[in-house]
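My structure is below; once you've seen it, I'll send some questions.
Letters A, B and C name the chains as they come in the text, with residue numbers starting at 1 for each one.
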Amino acid sequence: MLEAIASRGKIRRMFGALKVPVGDNFAVAGLIIYVLFMLTAIFAPVLAPFDPTEILYSTDYELASDLLPGQEGHILGTTSLGRDIFSQIVFGARSALLVGLTAAFMVAFIGTIVGLLAGYFGGWIDMILMRLADVAFGIPFLPFVIVISAFLEPSIWNTVIAMALVLWRDTARVIRSQVLTLRSRGYVEAARVAGSSDLKIIVRHIAPNIVPLSLLYGSIAIGWAILTEASISFLGFGDPDSISWGYMLQDAFASQALSRQAYHWFIPPGMAIIFVVSAGFFISRGYENLLFPKLGR
Amino acid sequence: MTTPLVEVENAQLHYKVGSAVSAMFGLPSVVKAVDGINFRLNKGESVGLLGESGCGKTSVGRLLVRLEEVTGGSARFDGAEIADLKGAELRRFRSRSQMIFQNPFDAVNPRYSIKKTMAEPLGNAGIAKLEWHDRIIKALELVRLAEPEQYLDRFPHQLSGGQLQRVVMARALILEPDFVVADEPVSMLDVSVRAGVLNVFRDVRDKLGLTAIYISHDLALVRYVCERTIVMYLGRIMEDGPTENIVRDPLHPYTQALVAAVPTPNADQSHEPLPIGRGAPDPRNPPSGCVFRDRCPKAFARCAVDVPLPQKIRNRDVACHLFDEAM
Amino acid sequence: MKTSSFQSWAGNMNEPLLSVKDLSIAYQVPGLDVVAVSRAFFDVPKGAIVGLVGESGCGKTTMARAFTRIIADNAKITEGSMLFDGQDLAKLSEKAMNDLRWRDIAFVPQSAMNSLDPVYRVEYQLNEVLRGRGGLSRAQARKRAVELFELVGIEANRLRDFPHQFSGGMRQRVAIALALALNPKLIVADEPVTALDVIVQRQILDQMRDLQRDLGISIIIVTHDISVVAYICDRTVVMYAGEVVEDCDTKTLLSAPLHPYTMGLKNAFPDIASAGSGMLTPISGAPPDLARPPSGCRFAARCPFATDHCRAVSPTLRQFAAGHSVACHRADEAVVLRGKAENPATWGEMA
């Protein structure tokens, strides 16, 4: 349906300007999922029937724990501590998307700037920046995030920072090689001969060809970021004050969900993660088609 | 005596290749794209830079518009060392010295309209926006694009090769430069279109009194455009003189081979084997002494030892030991 | 085995090796058919070098590719025949055609130097043809490879090299060696020397002449450069907008052409041997859109001698003199027209 709307000229042009990839079916599906999750995250207080951290009691002064889905108005049941699972999922969307989008933005931003500078100016700038990238490549990702969380207090923002410090390396590499190619294009040289300053050349001739690539890597980074956050929380290094899907999984694990066959404890958060991360990769497919239109057709 | 507009003295452009390790193994570590070039250009002269791939002609052109900088020797424009220019002086240089590129489809940003492409140099030079439209139209008329208004909002892919190359020329000329380097401007164009573009080039050059360097591997084209020719081989100048003389009476053995090699549209042209050895010039491993000696039919002992210096023979400079006084 | 240009080892001396009759090739683009080659007629004699000349878009590459039937998927031979050694290439099954490829007819594509696979040694690629198609044993293939390299003038010890280790000119020779591998009767070369420096170009052209002289093979050279044609071709076929407009021996073509397009072509090419820098006179205008060809003569719009009759009725290719065909209504007046054509002003009026 989105496609039907998008095929109307004006909207398509607007999407085109924003480089939103509406050409691919998967990408559109990914976008829909994203929009749904974003709406969920924004309207979480309205959608969630209960406070996710609140320990609930059922009417007769008993812990409303271990309730099955559907019982006593809990759509997905409750945890062993008496917290409503559905509300947790809803609020979990917030931290997932917050982490995902922030980290992805920082990764894309840092990576692009580094790649641009290294590729365009070359020389010792290139050398220093690429050696930094080499170091970043050498750092084992998850252990590093854990260590950062251990040194600083475990919070969402520290996770994001840790990710941004390491994950920019792929983007930087790719952007750099793209810039190197562009730099030797005739029109870039012509701009130099015409007297354009470096900044002008970067902004007018190079950046427009780089942006789709940044967005591609950015959208891939969203998936990784969410997965990382979930992993960190699952391992117990996440922010204990915020409810995230990873935290829900950790809680389920700690409460021996499998042996108790309490599927409603871990399947909902697991599915949520799968959906959002996959959606991120679907969107990146759309960019791939934007960038390399002849692949696979 | 007026200062020549362009003065190149023992210019060198060496690129480092390989690593410290490969150098230890004796593998070539330097590519000598330009290796000791000397020439002068007076205002209004049109010189052809003639040679085959790998001879360094494109590098010389790039040096003169500061897309590269000399690694040795000197290249001066209007008395000032090109590689040392900065700030306002550099900006002024950029408006006086321009380049026409080989591949028109590569030389313009495919996302820009023709108007935007042509406006770029105007913006850089600080020309008032009000004047842009008129200047662009004038430049397009200069290159004989009929009804220039129609091209303003078009995009490169909507123009033919010949039309786009004229746009590239117009862009180079819009600030009325003194000096233009044309790097094989018609080699990527369809043959039927070349004559038109070349005629425009000649016309414009005469009208604006341009000093021009025309880079090509095609002697027939150089002859059509330039009254003086410099023949290059492996980064060095072999012969430098009036084009007509070089074509009719080539002195340097390389020039002789070049002239003999050009086919003509005549059925009874000579099919004599060329007076040149097989082999491809390799700028990584040039021969010692005279760089042409391993293919030269007239090489002798001295050629391997001493680099021949240019000598004035008849009305040309020839760098060849055959003409040494001692002989 | 040495044969001279116009003798033949087997068969009738006058029988052409390849005879193209009424050939039409069209590209099927959604909605319409673009006729790239329209009713072409010409012959390629045995042991001759024939040039196929014209500007881009005239159909020469399409036709050249049709000889080995490696045309695009959406291109079809819609009518006519190509008689090669008694067989009609247009009607052969794919299998039969495949048997002919490399063995009887070989194709050297444009920019052949880029068509060598960079990850395989040259010897390996030669063997693909020699052993894979030719069925030679390893020892025979080795011997033949050395022979071939000698033929095209490359040292045999370079067989083990990779394509990137060769210069552009040498890669072109390798491509020619590949084409010669199985001793074909006909080689079709699409712009074989266009991208090469002038000295290398001359050496390759000389090589091709030697091959023709020593092996008696016929070569079709597709080119836009009339000087190349003048240097090496015995006969020349001039194409314009998908049609053959003139077909004769090269000497006559250059000294006494019948078609105005040919007359104009000469003026557009610089002649190094001529005195001074005479003006290059381009033929102004552009070829017609082949999707919507004009009803009369296709060259009429750019021809300084066009009459209303020319614009209304399309001239057919007819034999004007022995071995000289032309498609022009005013061919009888050629002597006078030639005189006018030499004056640049005649062409300038069309601008």
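As a working rule, contacts are C-beta pairs under 8 Å (C-beta built on N, C-alpha and C of every residue); 3 or more make two chains touch, one makes a residue touch a chain.
As the structure is a computational prediction, the values presented were derived from the model and not from experiment.
Q: By that same contact rule, can you tell me which chains touch subunit A and subunit B alike?
A: none
Q: In terms of CA centroid distance, which chain is the most far removed from subunit B?
A: The chain farthest from subunit B, judged by C-alpha centres, is A.
Q: Work out per-chain C-alpha centres and flag the one nearest the whole-protein C-alpha centre.
A: Answer for the innermost chain: B.
Q: Centroid of subunit A to centroid of subunit B, CA atoms only: how many Å?
A: The answer is 52 Å.
Q: Centroid from C-alpha atoms only, then distance subunit B to subunit C, rounded to Å. What do you get?
A: 32
Q: Averaging only over C-alpha atoms, locate the centres of subunit A and subunit C and give their separation in whole Å.
A: The separation of the two C-alpha centroids amounts to 58 Å.
Q: Show which residues of subunit C lie in contact with subunit B when the two form their complex.
A: Those residues of subunit C that touch subunit B are 55-56, 153, 167-170, 197-203, 205-206, 209, 224-228, 230-231, 250-251, 253-255, 266, 268-274, 276-277, 279-284, 286.
Q: Quick check on the complex: what are the subunit A residues that touch subunit B?
A: 185-187, 189-197, 200, 204-205, 208
Q: Please name which positions on subunit B make contact with subunit C in the complex.
A: So the residues of subunit B touching subunit C come out as 52-53, 160, 190-196, 198-199, 217-221, 223-224, 244, 247, 257-269, 271, 273-274, 276, 278, 280.
Q: In their shared complex, at which residues does subunit B touch subunit A?
A: Residues 65-67, 91, 94-95, 97-99, 101-103, 106-109, 111, 117, 120-121, 124-125, 168, 171-172.
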